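What follows is a set of structures for review.
Look for subunit A in each of the two complexes below; its partner is subunit B in the first and subunit C in the second.
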Partner chain A sequence: MNLLAQLPTPTNFWMSPNGSTLLWIEIIGAFVLGFAAIFGLSYLPKNLRKPLIGIATFLGGLYFMLHYLWPTAQDYSKDQVPKGAVEGVSFWLQYSLPTVMNFNQVLSGLLLGLGIASLLRIHAERVAKRHPDWMYSLTLIVCMGLMAIFGLLDWASAIGPGQAKQVADHPGFVNFAYNFLFGGLFVNLDAVMYSMIAFFIYSAAYRSFRLRSIESAVLLGTAVLIMLSLMGGVMVGWDKVVDMLGGSGHGAVAEFMSNLRLGAIKDWVQNNMQSPSIRAIEFGLAVGVLAMSLRLWLGIEKGING
Partner chain B sequence: MDDPQVKPQMSLGAKLQSVKRHVLYLTLFGVVSLSLILSHLFSIQVPSQPQEYTKEAYKLIRNLHEGDTIVIDTGATNASRGENGGQMEALLRMCMREKVKFVMYSYVEPQCIEVARAMIANINLERSKANPPEPAYKEWDDFVILGFFPDGATMLQTAAANIRDAWGNKKAKDPSGAERSVFESPVLQNIKKIEDIKVYVGISPTNIMATIVGRVGKRVPIISMIAGVMFPEQFNYYKSGQLAGLLNGLVGAVEMENLMQNGIDSQGVAGGKAEGPPIAAPFPGEINLSRGNSYYFAFCCAISLLMLTIVVGNVGMYLERKRKN
Partner chain C sequence: MQYYDTGYLQILLVVVLVAFILYNITRAKQGKSLFIRRIAGLNAIEEAVGRSTEMGRPVLMVPGLSVLGPVGIQAVNIFAYITRKAAKFGTPIRMCLADPALYSVAQEIIRDVYQSEGIPDQYDSTSVRFISDRQFAFAAGVVGTIMREKVAACFLMGDWYAESLILAESANEIGAIQVAASTITTQTPFLIAACDYVLIGDEFYAASAYLSREPVLVGSLIGQDWSKMLIAGVILALTAQASFEKAFVQQTFKESQKGDRQIWTREDITPRLKKKSELLEFRLFHPHDPEAVFPKRDKIKLQPWEKDDTGGSQ
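Moving on to the complex of A and B:
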């Protein structure tokens, strides 16, 4: 059963020296073959495609399920011969995991590329057909292209021995352009997009937090308490007043008043109201995810396989 | 007869309930900008009370030893710099001062690595300007960056089973510029299994903890540095003992910076002066109060404004109901 572990690793097909022509040929060959396989699959008739996807999904799911549930061999070495079928499967699951991990990284990377290709196709069509908002599509394509070109050129300029330091000391046009595009524009626009949420939250809170019923009063009261507890100055001041009212020492009054400290109220809300309700939601979600995963794994989910 | 062109005058209650959106936006913009400027000009410091989960995180990081290796799993981008920026800077400063080595990677977004690199460069610049200047933290000798993993879940599962298999094909440049396996670097050369990593820190505005806790939990102490909006969800992991420490957004960053400034005394009091060796010592005379504290006054002003606006809306509703009745 220990199939993958028995492969002679030093002379592997994929172990060509880094930067060698052979490795580049292998990479390009794998790339072309991969895309050919994808196109080939997309042209398969539906009645053939469905079982193929179903089998691949089932095997993938089975592997990870076994990895979680199968007894794990403890303190074994790579040259150890398994004793029996159970240990054999266990060894195989352990040894094959890095290969599966690499396969998953490549597959996920490919999905990223597929997303980019799809995005480009949609927006190129919009530009070609002069869609009403084609200028935005053109902006997206130009920005994407510029970032990719200068990103790759910047990376390539620092690839050789000692080049990184040279580029850091004397940046060229390519490095300046990349810094301008990424550090100057992209990251700041990213921050702008996220910070806009604050304005929407502010406006929504003003319109929705109204004392219309007892339930809304409870919600508003709790929200205000939590917001106050986020303001350190208020928390410190509130607690000082409570301590002052309760008096010093460990008497019954002081003990009772300590319950009114803002931190204590916040902790009570957090421990007894917030956490249990979120936990309940999470459990519900997890059960739903489990059910959906089972449907996907067993090929019952029509949206994917049908 | 009434002129249909003349709009009926709105009552005060109706006016208070229907403040235009652009007025609200402008007010928020003005208050936050002004408070940021004032905070910068007058170095306004708002007091804070470090929470137990922040103190636990600080204790764990502060008591690491020179040469220990930790993992920083970053999902922080500039979008969340208000919260994760302060957390990341505090963590990096502590690692550099304690000479703790770190491995960094991301499976949230490829840009996270670039953002983290820029932060490391900024703190190195800050260290070079210190009096006396402190040595720069160097890639390969002091930290390694593994880059972006498109599929974090499988990578973590492999790392939990065999860390050398998971990261074995990752290479980094040594000081001579030659590419070598990251396991030859001083950072990872003694790491044989996931348990050799002293702390696993996840910094992200998104819920990466579900993936991390499920795969490397119980094997390594985990600290979550999360954006405020995700805190209630993450708090469950802390309450159930699956997290060793937790930072709650910007407030968490401020608390961490204040702990770096004041430490935790022998009685477990943040900033206390009890006799005996402190549970977690401060970093006296160093730059501790930084990005988190510089945003905190603006944050408090924004929350105050939010509460004031809610009060205005409710007063308007009360007045309007009273008028109609």
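Moving on to the complex of A and C:
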């Protein structure tokens, strides 16, 4: 089974030919270097570790900043030779991006392993010590194991590392098992959790819409109008009453009364009150993210504890 | 080679905002006294931890679905402050995470807090937990923790999506005091409905400066305020300018590209009010809209036959 068959066609330094000795040497070298870096960092004294992490963060940030700000050639293809330094950097930034993103994926995979280890440690301890509700922990461990095993076997039989295989006509036990676990159990349980939100909205809305002050009265009134505007029958009835009061024709009174149609009120509230408020909050958040990212990138983030 | 024209205004604006932030950090470092208004949600942290201590129940901290990024790091920074308060009173903590990378960082930070307080033995490695990276599996896991451990205080800060109300209402059900903050604006109303205190919008990012009064953070916060004032000023100025231009300024000519070389030409038209795409504000912020670009007439040298063909003046 060629595990590397799904790699794209190699064209440059970042991608050696598939299945070649050079690629294997690079992978093993990266693996060894990665683990050496992790162990090296964990044994380094704190005062040395901090600047090293700062430099790595700065370089990573610089790469992505350049990627966004450097002029990007639109009709770039991998066979072209760059003309000049600006185009050279632009080409380099474009063809190195998949590799840089792969660093991120490899790290995420490693850290997911740490997360799973934490989960297993907590729940295995509960099972071993017969903690109250230990059965739930056992269920979690069993489900996690089954999902991982059948997920991997299903992938190997249905898709595999190379091209997709045609197993739709002859699904085997592992395909049924995976479909049962994922489509039959997981997706439905996910939907159950999601649908519970409806009941939580009821209870939260009940508390929020109690008349306690002028502000809560305004909130209640606006909320009632918006809710009514979502009910087709009520909306039609309301608008008929408004039209009757405004009289027929296109006079000033009728024109004024058209502002009181339920749809018009809803649109006004959403466009003139809700959207500007949300945008104002989003501007603040965007500037906050900018400041936080800048501090992290330049290594001047102090944290609350210094 | 063709390059995508992204315009210069957006980049210029970001450069100005960055300059504001860095300038204010420098100002704060020089010892200038800078004012931060009171934020009720952050003052409630001590009250919530104190309540947990009195009841002998854990403090729960959840950064939602935040990944390892500015939001996640900020949430863990605030949680580290809460943990320090809890560690002083020997109050147990629980932190539930949905991102394995953030989990690893959070674990290190919380361990550091206990070490710096001189009580490393009180650190429980199972108090910081990775639950699941699937949204509702995560929600179910955290609700289980809330219900089983009957937490007395619940801090929900970070990126929240549909699971926010499930957690907030579950904590409300067991009477836990709740302080929340969401960087996802659609979830803020739900949190306001269900929680005792909510940090709205960038108050979440102001928390570090507010709690620590560290010059770098306070300066950065003032820089953020300057940036927001600039943005508000630009919006107001351009709204006034666009309203004036649309209501009072007449368009007397039309610009279009003609001929094989797509040369910009100008034709006189019957004066009329301007269209949206002809307003200065629209042209500044839409550099790639063909109707809104500023024609680069001066850079094109027309041949005599091209002048005759278009009939317009350059």
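Heads up, the rule we're going with is that the second predicted complex is superposed on the first by the 180 of 306 C-alpha atoms of A that agree within 3 Å, B and C clash if a C-alpha of one lies under 4 Å from a C-alpha of the other, contacts with A are read in each partner's own complex, and residues count from 1 in each chain.
Going forward, a contact is a pair of C-beta atoms (placed from the backbone, for glycine too) under 8 Å apart; a residue touches a chain by one contact, two chains touch by 3 or more.
Since the model is a prediction, treat every value here as computed from it, not as a measurement.
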| item | value |
| --- | --- |
| First (subunit B), second (subunit C), both or neither touched by A:M227 | first |
| First (subunit B), second (subunit C), both or neither touched by A:R207 | both |
| Which of subunit B and subunit C A:P71 touches, first, second, both or neither | second |
| First (subunit B), second (subunit C), both or neither touched by A:D133 | second |
| Partner chain(s) touched by A:M292 [first = subunit B, second = subunit C, both, neither] | second |
| Touching partner for A:V142 - first (subunit B), second (subunit C), both, neither | neither |
| Which of subunit B and subunit C A:E125 touches, first, second, both or neither | second |
| Which of subunit B and subunit C A:A36 touches, first, second, both or neither | neither |
| Partner chain(s) touched by A:L107 [first = subunit B, second = subunit C, both, neither] | both |
| Residues on subunit A lying within both footprints (that of subunit B and that of subunit C) | 107-108, 111-112, 190, 193-194, 203, 205, 207, 278, 282 |
| Sites on subunit C touched by subunit A in the complex | 1-4, 11, 14, 17-18, 21-22, 25, 70-71, 73-74, 77-78, 80-81, 84, 100-101, 103-104, 107, 113, 116, 125-126, 128-131, 133-137, 139-140, 144, 148, 162-163, 165-166, 168-169, 183, 185, 188, 190, 192-194, 200-202, 204-208, 211-212, 214, 216-217, 220-221, 223-224, 227-228, 231 |
| Subunit A - residues contacting subunit B, complex | 18, 67, 94, 97-98, 100-102, 104-105, 107-109, 111-112, 160-164, 182-183, 186-188, 190-191, 193-195, 198-199, 202-203, 205-207, 209-212, 220, 224, 227-228, 230-236, 239, 263, 270-271, 274-275, 278-279, 282 |
| Residues of subunit A defined as touching subunit C within the complex | 69, 71-76, 80, 83, 87, 107-108, 111-116, 118-119, 121-122, 125, 133, 136, 189-190, 193-194, 196-197, 200-201, 203-205, 207-208, 278, 280-285, 287-296, 300-306 |
| Residues on subunit B engaged by subunit A in the complex (per definition of touch) | 19, 21, 24-25, 28-29, 32, 46-49, 51, 77-82, 111, 114-115, 118, 149-151, 154-155, 157-158, 161-162, 165-166, 168-169, 171, 173, 176-179, 228, 232-233, 235-236, 239, 251, 254, 296, 299-300, 302-307, 309-310, 312-314, 317 |
